[in-house]
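Here it is: the structure, laid out below.
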Amino acid sequence: MPFAYARTIHFSDTDAAGIVFFARYLAICHEAYEEALAAAGLPLATFFSDHGVIVPIAKSEAAYLRPLACGDKIRVEVAPRRLSENSFVLEFAIWKLPAPGSASGEKRAAAARTEHVCIASATRERQALPPALAAWVDGG
Amino acid sequence: MPFAYARTIHFSDTDAAGIVFFARYLAICHEAYEEALAAAGLPLATFFSDHGVIVPIAKSEAAYLRPLACGDKIRVEVAPRRLSENSFVLEFAIWKLPAPGSASGEKRAAAARTEHVCIASATRERQALPPALAAWVDGG
Amino acid sequence: MPFAYARTIHFSDTDAAGIVFFARYLAICHEAYEEALAAAGLPLATFFSDHGVIVPIAKSEAAYLRPLACGDKIRVEVAPRRLSENSFVLEFAIWKLPAPGSASGEKRAAAARTEHVCIASATRERQALPPALAAWVDGG
Amino acid sequence: MPFAYARTIHFSDTDAAGIVFFARYLAICHEAYEEALAAAGLPLATFFSDHGVIVPIAKSEAAYLRPLACGDKIRVEVAPRRLSENSFVLEFAIWKLPAPGSASGEKRAAAARTEHVCIASATRERQALPPALAAWVDGG
């Protein structure tokens, strides 16, 4: 079961087209990643610096399948997958929940993917994932 | 009792100083306003357009009392207050929750205030608040 | 020659890692798209609504090659390419300019790609690009 | 003569009301502050850390006078004013430029004010402004 993050679309997520600006989908996915890490006991704010590493995003991809508007309720699924000793991928699915009282089901609003590489802060060279992070990725 | 909105600080709320960018505090306050309206049955996305009005923010003020970092848990209180037949004020208090296991209490991280004016979409002239909105403001 | 957009990295583009947040690269690319359209006499704010179409982004991809910090000067190249009668791709390259007095040259900070589909506002069905937009895409 | 910063409103500055989100006006003012500092030879990214100080914003105020839409050209004036040995105020005026060919003049779109306090990074106590910053503030 992937980790799921519940979120409401805010006014500041939207643009003049009346819907969520495309780059905001990725920011929302990153929120889900932060929540998934925190739920696993790996807080983004301190875990990486405590381990002397940074884990920047090297690549992102997204498919925007359905517009989202202010007030929409979404669920963001996050599933990590190992790429190598020092890198991993996160697969995201953003689901739009049905309006209250609606007979329709959840609809997929977006799919996204980010690729993360672990780098030693001191040397700027690739480094194996810290064990606790590796455990989260491999257990995902 | 003012309405309270719970929120975690996200990485995208922060800036290179490592803490929440000052303008983001106001965006977070607006989220609390949206949640307070929704809880009162007045969804921002449709209520105003259904009533043929816009309710833009004419003024804002904020005092930044304490930095907030990624992962911090906050509670945002929203209290509306009537200014005139066609305008109202929202008073916000952002409280930083203590870290789990900490003996200290909540600390106020910011105070903010926004002033809202109701305008008829068609004529662009000031108009009395729609009754349901007035009821929310007066009951606040 | 692709269109080029010059930009300075602002404090609000950065996150607590001290560098531009990954999703902001895509927002910056969209600024370059807006400027390229405006330079071609096709202002985003009015062109699409005047033609009864919307042109949402269906997909995005980005490779983050080099961090960008507050104050960095960048140049964003935009090159459109036709996909079909009703869709096109934008290829972006973000170049980091050398610091004043530096002997080194420009370095590529990111590559990105967005895919755009033209849809009739009234019917929500795919529609051929308006001629002026098609001319810009094909001349790119 | 106050420093002036020229800017075009981007799509990502707007919200579902079709105009610039109120908190973005403050982010845009901060861009003007960064540009004014850079023009005075005081780059935000390095000047403060080089001097062992942080200069956080303690208060902000804004009056939103006129909506701004995607593509609008603005000019942001920044005028610093000394408050005390360790603090200063920035006064901002955002002017909306007339559309090309329009006979009307610039119109004030917003007025804003931020209050900045200089704090020693090491001790977290108030400290006198570094001389170069004081010179910029006093010469403003």
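Going by the order they are written in, the chains are A, B, C and D; count residues from 1 in each one.
Going forward, a residue touches a chain if its C-beta (ideal position, glycine included) is under 8 Å from a C-beta of that chain, and two chains touch if they have at least 3 such contacts.
As the structure is a computational prediction, the values presented were derived from the model and not from experiment.
For chain A, the chain with the farthest CA centroid is D.
More inter-chain C-beta contacts link the pair B-D than the other of B-D and A-B.
A separation of 23 Å divides the Cα centre of chain B from that of chain D.
Rounded to a whole number, the gap between the C-alpha centres of chain A and chain D is 33 angstrom. Between the CA-based centres of chain A and chain B the separation comes to 26 Å, rounded to the whole angstrom.
Chain B has residues 11-12, 16-17, 21, 23, 27, 30, 45, 69-70 in contact with two or more other chains.
Of all residues in chain B, those touching chain C in their complex are 11-12, 14-19, 21, 23, 69-70. Looking at the complex, you find that chain B touches chain D at residues 16-17, 21-24, 26-27, 30, 45, 54, 56-64, 67, 114. Of all residues in chain C, those touching chain D in their complex are 8, 10-12, 27, 30-31, 34-35, 38, 43-46, 69-71.
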